Amino acid sequence: MAKGEIVIDEMYCRGCGYCVDFCPKNCVTLSEDTFSSLGYQLSCFVNSEDCTACGICGFMCPHHAIEVYKYVEV
Amino acid sequence: MGERLFVIGNEAIGWGALEAGCEAYIGYPITPQNETTEWFAAEFPKRGKVFIQSQSEVGSINILFGAVATGYRAMTSTSGPGWGLMQEGMSHLTNGEMPCVISLVQRGGPGAGTTRHGQMDYLSAAWGGGNGGYKNIVLTPASVQETYDFVQLAFYLADKYRNPVIVMTDGLLGQMAEPLELRTFDFGPLPKKDWAVRGRVNQPDGVRRAVSAMQGLMPTPPHPPYIAFLELLKVLDEKYERMKEAEVRYETYLTKDADLIIVAYGYTARVSKESLKVARKKGHKVGMIRLQAVWPFPYQIMGDMASKGCRFLVVEDSLGQLVEDVRIGVQGKTEVHLLGALARHDPSDGGMILPDSVLNEIYRLMQ
Amino acid sequence: MMNEELNKRADLIIAGLGGQGILMGGKLLATAAMSQYKNSLWLPSYSSRVRGGPSECTVIFSDDDIDSPVLSKADVIILVDPPQLKLFERRIHPGGYLIVENTGLSGGIEREDIRMLPVPALEMAVAMGDRRASNMVLLGVYIGITKSIPGSLVEEELSKKFSKKEKVLSLNLNAFRRGIEEAARFCR
Amino acid sequence: MKKELVVGLPKLWVHHLGERLECPGCQYPVITRIIYDVIDELGIEGQTILICSAACGFGIILTTPMDAVGPNHGMGIDVATGVKRLRPDCFVVSFGGDGDIAAIGAGAFVNAAQRAEKYTLIMVNNGHFAMTGGQLAPTTLMGQVTTTTPEGRGPSMGYPARMPEMIATVQGTAYSARGAANTPANYMKTRKYVKRAFQKQLDDVGFSFVEFLSACPTGWHMTPRQSIQWIEEKMIPALPLGEFKNVDSLE
Amino acid sequence: MGERLFVIGNEAIGWGALEAGCEAYIGYPITPQNETTEWFAAEFPKRGKVFIQSQSEVGSINILFGAVATGYRAMTSTSGPGWGLMQEGMSHLTNGEMPCVISLVQRGGPGAGTTRHGQMDYLSAAWGGGNGGYKNIVLTPASVQETYDFVQLAFYLADKYRNPVIVMTDGLLGQMAEPLELRTFDFGPLPKKDWAVRGRVNQPDGVRRAVSAMQGLMPTPPHPPYIAFLELLKVLDEKYERMKEAEVRYETYLTKDADLIIVAYGYTARVSKESLKVARKKGHKVGMIRLQAVWPFPYQIMGDMASKGCRFLVVEDSLGQLVEDVRIGVQGKTEVHLLGALARHDPSDGGMILPDSVLNEIYRLMQ
Amino acid sequence: MKKELVVGLPKLWVHHLGERLECPGCQYPVITRIIYDVIDELGIEGQTILICSAACGFGIILTTPMDAVGPNHGMGIDVATGVKRLRPDCFVVSFGGDGDIAAIGAGAFVNAAQRAEKYTLIMVNNGHFAMTGGQLAPTTLMGQVTTTTPEGRGPSMGYPARMPEMIATVQGTAYSARGAANTPANYMKTRKYVKRAFQKQLDDVGFSFVEFLSACPTGWHMTPRQSIQWIEEKMIPALPLGEFKNVDSLE
Amino acid sequence: MMNEELNKRADLIIAGLGGQGILMGGKLLATAAMSQYKNSLWLPSYSSRVRGGPSECTVIFSDDDIDSPVLSKADVIILVDPPQLKLFERRIHPGGYLIVENTGLSGGIEREDIRMLPVPALEMAVAMGDRRASNMVLLGVYIGITKSIPGSLVEEELSKKFSKKEKVLSLNLNAFRRGIEEAARFCR
Amino acid sequence: MAKGEIVIDEMYCRGCGYCVDFCPKNCVTLSEDTFSSLGYQLSCFVNSEDCTACGICGFMCPHHAIEVYKYVEV
């Protein structure tokens, strides 16, 4: 069961691939076909089940394009 | 009447800064202005004020930038090669509209020149010696008292225009002692330093401030001083015009009926005045314009005097710098003669322009 | 010549070598004169390269404005270094005085329109226990001759300056007073 | 079941103020995130005055709601001295490039440490002068190609500067370290270094300094991923990560 | 006819230096002159010549002092703030009579100003921006070819007078490409560099040499260049006079019958010439003086033209610097108008003075 | 029975050229003797170019028959770089004061070492700016009274610079040492340091640097004998003598 | 309008964004023109702050002197970034051409005294295997239309420039030739 | 028997006393009554018997005022 999720802001993602390389759970990939308005390849959130909301992709992203959310019981 | 001291010009600079509420001095030793640096070293720390001996004059001028960016009054002082090293910083201070005071105690040049008096930094100070073209008010006192008074005036003008102000003396005025009356001036109200950095919570409106040496190049929101380069140029140009309007300073002496006008500032003005009096006794109609500021320059009166047919004699301890401004002023309407550094009485760096030399030149021109 | 000008203006040059108390003596005098004259000026001059080289200072006090801080000529010159005699002989106004240290003095002056006053200041100072006091002897002579300011003013300044140095003070006071007495010799 | 934001735009990166000019994969914003997050964590944002010299990093001055000074290249250290001496009550961080500090600023750097100036200096080392088009910097690695070492840096152009090691020998230095963000672990370490450096300033101990190895894909003519590898395989071996000085008193 | 290249102005500087036998280049990166530094980095080492990237512009100018003290030809280049930092060094190089070449690619100012073109270092370069007052020849080419030619001329003049020579272009001329013909000049014979240091055994007479940045202050036996300060001043003054005599350089265009004379240099001279031709087609009697050197300055011809009743229009991309010299030149005999940086077509740092603006100004003055 | 001169006026102190301006007990001429004697011993006088920045030591330029350059205060390091690069066949010694090198020259100093400039720099450390009247220098000892530290140097004015220790951390530095002549034994050691430094240059290894603790009786307001004691009791404990780097290759 | 001026003078502005080969294309053309015209000039222009921001260059060749290196208006403008259409429409001489990239082009121009030539250069380049070749297509169109210099000169320059890069060369040559063919469309 | 002797140049001796302090054989003293032309107290060579011509006084003298001679058999 997913512990959390991430949201990638397509306006700021520049396809550097850091999130892809550093996600310990391989939850992120660079899509082959979607590009940002500035023409950059976009990253996208996959295998969302495995996300632990560890935050790594978030702080390694140079362009602050990722928001990482943790699921908490209420 | 305030307390009366007997101090040298270099010390009077310190007393004036203290009176003006200067909070920090940054300097690097160089002759003939060391007594200023040493005065601050002795007097500022014990008053809880900041004294910094920098690693060089480049350091002095850049530390000064940071100091005044906080809105406090601060100054530096230097001579000769140290002034050369400050040229980039002067340009940045002007770009950033940083109010500050620089005391320049002129020595002989070029290069290391001599460690003693000279009047050879005129063009560099009055015309903007650094990169990019800019203007700073340059006050030129001629006595210990006036040095003290002008340092206070300089701090006021710096804040009034958000622009660096230079107090330019020379090794002779700096080393010489005269009575000094400590007195305060009321120059009038000043704009709030709403632009200064002090930590956002300390900003009245709670909005951040950003100051920059790159106005016009890099905006600094939410206060982009000038989003575009041309805006900066317009603001500076307009500011220079206002200074030219309001800050011309000079003193005339016996000019009414004069056929020959001596133009000088600093030590050579005092030397010339003595000669002038002797010449007057001998019936020669000599007058004088003593510049109390060399930028902005009193072109107007030069032109008027020239129109009246007066001839001009410029006395300056250099190879000819002030004389260029006088030439612009008289518009070719009359002769302009120069008695310069080549007229020094002694080949050593102790050489000066003595009253005798000025007197002889007056006689030469009067026959 | 001096007296008619008293309380008007006095020009003095003190010359010698670094370490002979030239600058200190001149500044003392100029400070002392402040209360007596509207204006007072002291201008030191040093050669930028040589240590212990020639040292000189100008002292002017006047009730008029003091324009030029540099003098081509002075009313009085105190010369602590006799070998420079010829050099300074030229720089005295007609009717002026050349007060000169006796020790090491060889030969006299050529000009007849000025008066040379040789003073055995060094001897006197050594006798008083410290050669360095010779400059005060010479200042005493100067005051004794010109009376440009009352000696009391100089003594006050000395007392302020050496308030914490008992012995130095009395030494200098003595030297100064002996100088004034010495001056009497010449006034006769 | 509620969603709680763990990581997002740094609180002090007030985005609407600024444009985002950095190239893809540039790590300037990464060290910026670290600085902002630690300032935020320490709750000193309102007392902070940020100094950013002219360099590729200047952009960050556009992103923050904190008071800031933008001096020219080479001035950042001296300007910080002036600011901190007049406002000892403020928290001062000066932020510059490797050229800024190791080349033109070297004299100011050494003397700020010798005078034990009590602020924090962060040097972003991308191994060259990025803003002016990628010329040699004192930090450039041996063999590295720059626009002024077209054949790669050889001995005739000297050897890579090791600033934290050097400044650690100066008595006035309280803290000196070198970090990177080539891995999440190193990111975390660097964050710790920055926090310790800041603490030295808050404790008024002395001069504090952190160097950050920063990817510059554009200037290096690499993909972002290659840049991270370059840091790993080339930079770190020559410029080891770690703390070089950490004292609580200068005596 | 020599080989023909298509290169930008900043590269032409390198080609010119190579042709002139320059042995060393010292520089520090700054926009918009980086291509010069990069050219030398690529071309000099492989030819066994010296390329040094200094730690700052203060470093550049001081390393240059040492380099030329050996008698070899060497140069540096810079822009904007870098030029500001070199002011002390320029003063020392002049004091020490060190022949060297400085390429100054002007950008906007003051301070960091902009990283692009500008003509705002005129006064600093032409009037001696550093401490102590001094003069350097300032050559102002207006094309890639002329840049190349003038760099060679600069090395010749530097050796002829034992004085620094500045080649002053701007970001626009520096970035622009034009055909360049590689050619050699024979400027004539030069004095031996008998004064240079090279190790005593390498001195023809086996007697040591000593060069100094403190001529006049510290003698350097057995060759005390000037035992006394005043001697140095005399020598420099006399040298400046010789340069004023021999090195005035300008080009006139259609001035004979002109009612209006445009004065300009560098990129604004080319812009103005285009406008002038259009105005001529429309029958307006406009002529031009293009300055190829701004120091020494051609006061003479300005005066002559003014006497003939010509009016003047100065076109320069600054707030008004060249215009001051023109004012001195015309001696108040005629009007002098300025079309300056405030007339830029675009508020961003991309703004320029365009042909249209000059043309409109011409029309305005002509009706 | 014959008399043989063992020690006299150094061969390269061609006295008639110069005046002797130093104050009694000043050790500038002592380090000068060492430099001259070693140059003489190595037989490279004719290839030597001496650089002396403006400072009390400038006088030595008057005493030597060797080619020399006299730059302003702060220029001596960069000028030496220019000279040596253009005349690698010559032997270049740059001679400056502590203010000259630790204050205004610090940026040039660090970068000359980083570029591995192949000449020898001698820093005469008399603990203050003597020529300008005895102001604080970065090398001034804690508590030492100078004209800009009338109460003695306190922490607000920083801590004594240790230049040889610092520059030893720079890869381009081949040799770095600190000597003194407070005893005949230390004189001999210093002579050895200077010779090793010179040898590094002759072997084209890298940047070589020697600091010399030099008595300044006038500036210190002491008798010459007290000055020697001051070096012994105050300076050496704070600035230990010895070699800090000595390598035959920079790799 | 162009032809009568042939071998006299040609003005061209190439505009777009950083990375679209604007400056390279312009310099190539200017270099090629050297052998045909007495004078040739290339002036790049960049915005100093923004990366990948607007990029523009001016190319002039002429048998007369080239005075101003900056143009208020040009005979022809090649616009690689269609959104800037309005901006550049104003900067063309009457009778001139605006050669514009088709992809992303929305709406036309207002002026009737100039002619807009939309070219699907990006499509064509992609078809040829590399989007980056689109600038050469547009250069081809320019040469085809204006004949300001023989295409052979451009091809020579290309061969020199990419002598070591076989594939890049043929790609660019193709693109350039297809551009010339494309121009024929408009001349009809 | 003395191994050597030293000659002190009175023109340059400035009475610093270094030679006195550093001579291992106490062969040098500062005279109380003789002064140089510049007014400096002069040092003088005494106990000449003990001089070993070690040279120390020579190289420690800042003003190069001492010449040290060694006696050699011929």
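By written order: A, B, C, D, E, F, G and H. Residues from 1 in each chain.
The rule we apply is simple: a contact is a pair of C-beta atoms (placed from the backbone, for glycine too) under 8 Å apart; a residue touches a chain by one contact, two chains touch by 3 or more.
Quick caveat: nothing in here was measured; it's all calculated off a predicted structure.
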| item | value |
| --- | --- |
| Chain whose Cα centroid lies at the greatest distance from that of chain H | G |
| Far-end chain from chain D, centres as C-alpha averages | C |
| Averaged-CA centre spacing for the pair chain F and chain A, given as whole angstrom | 60 |
| CA centroid of chain C to CA centroid of chain D, Å | 63 |
| Cα-centroid distance, chain B relative to chain E, in whole angstrom | 28 |
| Centre-to-centre distance between chain H and chain B (centres being mean Cα positions), rounded to whole Å | 56 |
| Shared-contact residues (touching 2 or more other chains) in chain F | 23, 54, 72, 103-104, 106-108, 110-111, 115, 138, 157 |
| Chain G: positions in contact with at least two other chains | 48-49 |
| Multi-chain contact residues (two or more partners), chain E | 31, 55-56, 58, 81, 88-89, 92, 111-112, 114-115, 213-214, 217-218, 348-349 |
| Complex contacts: residues of chain H adjacent to chain F | 4-5, 12, 14-18, 21-22, 40, 53, 55-56, 58-60, 62-64, 66-74 |
| Chain E partner contacts - residues on chain D that touch it in the complex | 54, 72-74, 99, 103-104, 106, 129, 132-133, 135-136, 138, 147-151, 156-157 |
| Contact set on chain E toward chain F in their complex | 23-24, 26, 50, 52, 54-56, 58-59, 62-70, 72, 74, 88-89, 92, 197-203, 208-214, 218-222 |
| Chain E residues touching chain D - in the complex, by the definition given at the top | 28-31, 34, 37-38, 41-42, 45, 51, 53, 55-57, 81, 111-112 |
| Chain E contact footprint on chain G (complex, rising order) | 27, 30-31, 34, 39-45, 47-48, 66-70, 72 |
